[in-house]
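We call the chains A, B, C, D and E, going by the order they appear; numbering starts again at 1 in every chain.
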Amino acid sequence: MRTVASIALDATCYGMTLFMISVGLSVMMGLMRIVNLAHGAFAMIGGYIASYASVSLGLNYAIAIPLAALCTILVALPLEVVLYRRLYANSDALTQLLLTIGITFLIIGVANYVFGPTLKKIPLPASLSGPFDIGFRMLPTHRIFVLACGCATALALWLLLERTEFGIRVRAAVDNAGMAEALGIRTSRIYLATFCIAVGLAAFGGVVGAELLPIEPYYALRYMVIFLVVVSAGGAGSIAGAFLASMLLGLADTTGKYLMPEFGEFFFYSAVILIVAIFPNGLLGREH
Amino acid sequence: MPGGNLEVEDLVAGYGATRVLEGVSMRVAAGERLAVLGRNGVGKTTLLASIMGLTQRHGGAVRIDGQDVSRSSTSDRARKGLGYVPQTRDVFRSLNVEENLVAGLKGKPRDLTRVAYEMFPRLAERHWNLAGQLSGGEQQMLSIARAILGEPTVLLLDEPLEGLAPVICDNLMAALGELSAQRAVTMILVEQQIQRALDFAENAVVLDRGRLVWQGRSADLAASPELVERYLGAASA
Amino acid sequence: MATRAGPSGIASGLLSPELLGFLVVWALGTVGYVLFPDDLAFLTRIVSIAFLVLSLDLVTGYCGVATLGHAALFGIAAYAAGNAARAGWADPLVLLAIGALVGAVSGLATGALIARFRGLPQLVLTIAVGQLVAALCNKLGWLTGGSDGLSDYTVGPLFGRIAFDMYGRVAFLMSVAILAVVFALLLRIVRSPFGLLTRAIKDDTVKARMIGASIYPRLVAMYGLSGAVAGIGGALGAITAGVVGLDGVSFERSASALVMLVLGGAGNLWGALAGTLVFHVFEHLVSTANPFHWMSLVGAMLILVVVFAPRGLSFGAIVLWSKLRARSP
Amino acid sequence: MSALLELYGVSKAFGGLRVTHDVNVALRGGDRVALIGPNGAGKTTLVNLITGQLKPDAGRIVLAGRDVTRASVEARVRLGLVRTFQITRLFSSLTALENVALAVLQHRGRTRNWLRPVAKMTSEVEEAQRLLEIVGIGELGTRSVVALAYGHQRQLELAVALALEPKVLLLDEPAAGVPHDEAPRILEAIARLPQDIAVLMIEHDMDLVFRFAQRVLVLANGEVIFQGTPAEVAGDAYVRRAYLGSYADARRQS
Amino acid sequence: LFAGTAMAADPIRVGIVGTMSGPYALFGQNFKRGIDAWVAQNGNKVGDIPVEFIYRDEEAPNPAKSRALAQELIVKEKVQYLAGFYFTPNALAVAPLLGESKTPLIVMNAATSAIVEKSPYIVRTSFTMWQNTKPAALVAKERGAKKVAIAVSDYGPGLDAEAAFKGTFEAAGGTVVEAIRMPLATTDFSPIMQRIKDSGADTVFTFLPSGPPTLGFVKAFIDNGLKASGVKLMSTGDVVTEPDLPNIGDAGIGILSTYHYAVSHDSPENKAFIDQFVKDGGKFDEIAMTSVAAYDGARLIYKMIEATKGQRDPDAAIAAVKSMSWVSPRGPVSIDPETRHIRQNVYLRELVKVDGKLLNKEIQTFEAQPDWALSKK
């Protein structure tokens, strides 16, 4: 019984981490319909900045996180203006893949050059590091923090996208950019804003998830598959879907790794196949 | 006096390198109703789309209330008072009816969508539906309602009657008439139902292969079967 | 006949597209052989990957099935060829046939699953299947050699007489010959009614069904063909490299094949060929020039291609060509 | 002549919305039937049910004597059931001629051919060209679909449908977007079809309806509320009020 | 112009294939640093024969690519020696080329035992899993471990480590209560920790390839409270490579590992090596074991060139180094004449903090260890 509870807890924490690091991609893929393979690259940039800020500048974790998100957005802005903008109008998925892979390679190369090939640490404040005794077992304290961040992010995004007209404008612009313009929606601004949100979330997720997925130059490619899978299984564009998918996949992975570690990957990907087979549009995806 | 003057001067436009409009000039006064007629593929849609800034402009100018908007983005033109009902309706398929209407509101309070529901009660019944699932006629209604909610001073209508039941056509023409009368909205109407178009608009232009070949009063056109025959073919008018 | 305004219509008036394709591959091969006699191993590897990219084009470019797991077909066939060699089937042509067969069967099997879906779910499905295959290959060490790779096999001489040499001459010429034949054959197939239908399916499945076409069996059939082509590439790799590694089934292999395809222009077999060639040559040049930081340059190249030839190099070339022709009287 | 298409008690609901309710219709060879009704009455849905794009919640559909209620879309097409779409659907990366030629090839069972270039299949390509000319866009064959004006696309879609040599042809607003002077061409094209096939046309253009139809079905809220000759329909008070509007008056005057 | 005076001998070229980019870039770059250090200390000439190193990027396990690279180096760049190779399959792919082209290969990392058996022209200066793992099992036994859980990455080297530890530990009378194979792509190790906890083991032995996974494992071990509950962690040195230590942090203090090289190894040779490494612009925090393997590999290459006087004579070259022994930065080493694999000390190290810096302190030495897997046979 205790083991079951323990596994469930691990699954939840892992799922939440998955959610945190892929929710930015969900925004990008769902709202802007851009399969942004460079998501991991942005998360990585966020991680590097946070690491630099806390290790070299000695800034507090609480300051490093927003700083990382902000700086990553600043770094990514030129990319939006020069490159991403081309994708919005003629959204051919293959072109998107090519461009965003190109961007990923570029960023990996630069990161390797600037920061070197080693892992970078983002030191946790004492209050978030080490194990935390929750009664029947120990839990990494940081996981509790991730849990909180995940819930807050999910809620905030849901409010923004479902409760305000911003969400409607974004989806209208993506659905039919020409027509949205003809209704007075300034699509390029809308795109820009959404892009910034997505990139900010990527960076945020990168920093917060760094305990599990440590920051190094190859980060951008190493975890690409995980991001893609989580978002698509949830149904692109559905924040709740991404949330649910993260949880389910977290559960599949964690139980799989517990019961039969040597077949751990089989559980994860079988769960993916199962989800897609049962919900062809992803768990909560909209039909297009 | 709200604006609504539209001037098109020597407009050359098309798709990519292809030119469809070969120099079109026309002037529509505030509150005027103009019918744009012509056979298939002569460039009527292209003309409206070019006024909206949705095509490739190769030359010429578009002016709204005397202000040159040739280089403005489509959204700026919309904000200057243009409203557009495209031929292909272009509802936002993945948004529901309500959201489609809100997208057209230009930031005005949300409960104004009521206006649209009053105009087309059918939409009110379907307001939770995804627009992509609506019937053809319902999509047409949605497209028109969405444009009207933006309170345009110049409304461009590309075959708005297509796919609508005859009785709805009646109501719509009446509603458009009212709109132009009460708020002096300028209307440019492309329509295949020539008789209806000529009844509605006081002036008309005829396009042929990207050029204006006739302009004048609708009544003159309606009264002259030869003209109709020459420019529009053996129509049922 | 003016029906061929489509992408595969580069045909000149005199030569049929197939013959043109056959000759161009040979011409390229000869140029490579004569000008770069020291790089034949590298060129052979390009040929082997070209099969994978062509195979990907068949399902992605012609049928609209976006996949990030296509390497599975390539890798499985490579393992099959390696194991066949291990079991004593030394003749390279037999091994190629085995590769094609195993590739086709795996193609039909995965196609049967994947063709049931469309869009993003499909993409994810291909990833999941690819990853499962990769994990399986890692697990089945007795069959695949696990992470160390399968290397304890020998391939006999070609036609029982011509041994493979250290410079890779035989391997290269054999690869080019097979590529030329397969390429010509594929050019033919995409011009057939079947090819036309697959392009139609890519455009609009609903409409395709409305003209009475059964989508699913056609997609699966194309997957089978695609698997055979990928299988030839995989077997070729196994024969010429002498080792089969897990990289053959990896996500990276799948993703890079897709990158090459899009780079060259999906939906056009010439594009698949051009993409493979350009990607590898460029990568080779920059990684030789700077083995440490070449990745940024490859990234930059991909970005530039999207900016200047968004539909891929081959379409970019066609556009440029027609512009130039239009300018000259 | 025996019925080519029969519907027995066909019903369909989307969630709570009843879109088709207990529809019983039979089409015989030679029938020229118009289906009219207010927007959202369920006309297109009915066509979707007949073709198999939607599955009915209840009822049976019989095509040429065979129960096809569970048959796939393409199986029904092969039995001779062909439709056009209200909003054109074409293969946008193919040329106009390729669109039609593909339909001809498919109809003649030649898309299984992997090795013979389409260009060499002269008889099919010529047939496709002939069909383009019938619908009036013979000179546009080499254009890609996206470069066709909307009206021309409508004509092309009709050509694709004709290429399948239908026994039952369902036309969903074939004249929408086609200018009035071109609309008669559609009737001409239909007139050229073999007399023994059945044609069902949805149309809001009453001139066309009244010229085309021997029989008119009126659908409202998913139910067939009236059927009869055009004259009877025009004379029905409810239909006039709920659907025809001023058109009925105009017609009476003329 | 000055023909004759400028006539230097043609340089001998050495092709180095390593992971210069990609996820394992650190180790390939360490090849270069190690070789640079050797060249800086010993000059770029052997006698009056200049030596030139040419680098190629193997990037990831990709045998076909590495074979093409090797072939290109041999045929086009005319290299006389090949060296490097981080990954086993990549090294295996090259083996068949060596005989025909008469090219000796010095393996500077790839750690699967069987590689050296693939060709008589292969020498290895790195290590094997058996070599490093067997002492770990002995230590575990010696220190009173009763029930051990083994957790290794599920791929070749991991399986080697598992077999070596299990075989040795059980032969010494211990019990292995759990042998877990973890997928390479594992990021969350919590369920593994749960499993270890449930197994009731008092000691965990682990091997993972160095990089993100090792870090994740160690963190999970600490954060899930295993360390606090008194479970001991043992590993090969791969899990606590020096570049990763700052990330593991203080919580890792006390981890025991066995390895053939520690950056902190206290000897004049090592000091000289590290000074050179840093002097050449390398970062102290980025020294990895591949640099030492490359440094020693360069030594062998120089020796071979000297013995063959620059001629292409692989048999003479191999013969010259076959029984060679010297003092490497890692300690005294020799080439086993039978296996052509390096015989070296394996050290038991403990993770400690000295002057605010974490390091692996050597506390016990297992002298002159062969590759147990090869020597067994």
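Everything that follows uses one rule, which is that contacts are C-beta pairs under 8 Å (C-beta built on N, C-alpha and C of every residue); 3 or more make two chains touch, one makes a residue touch a chain.
All values derive from a computational prediction rather than experimental measurement.
If you take subunit B and subunit E together, the chains in touch with both are A. Distances between chain centres, each the mean of the C-alpha atoms, put E farthest from subunit B. Ranked by distance of CA centroids from subunit D, the top chain is E. Subunit A and subunit B have CA centres that are 43 Å apart.
Averaging C-alpha coordinates per chain places the centre of subunit B 28 Å away from that of subunit D. Note on chain placement: the centre of subunit A and the centre of subunit C lie 32 Å apart, centres being C-alpha means. A separation of 49 Å divides the Cα centre of subunit B from that of subunit C. Within subunit D, not a single residue touches two or more of the remaining chains. Those residues of subunit E in touch with two or more other chains are numbered 21-22, 25, 29, 154, 183.
In subunit A, the residues that reach two or more other chains under the touch definition are 109, 112, 221, 262, 265, 288.
Here the touching chains pair up as A-B, A-C, A-E, B-D, C-D, C-E. Interface residues of subunit A facing subunit E in the complex, by the touch rule stated above, are 3, 6-7, 10, 13-14, 17, 109, 112, 116-121, 123, 129-131, 133, 137-143, 211-214, 216-218, 221-223, 226, 253-255, 257-258, 261-262, 264-265. Listing the residues of subunit B that touch subunit D in their complex gives 15, 18, 39-41, 45, 87-89, 122, 126, 133-138, 140-141, 159, 162-171, 192-194, 232-237. Remark: subunit E residues 20-22, 25, 28-29, 55-57, 60-65, 67-69, 71-72, 74-76, 88-90, 92-93, 95-97, 100-101, 112, 114, 118, 154-157, 159, 183-184 touch subunit C in the complex. Subunit B makes touch with subunit A in their complex at residues 52-54, 73-75, 78-79, 82, 84, 86, 90, 92-95, 99-100, 102-104, 106-107, 110, 130, 146-147, 150. Those residues of subunit C lying in contact with subunit D across their complex are 1-6, 188-189, 191-197, 199-200, 202-204, 206-215, 218, 267.
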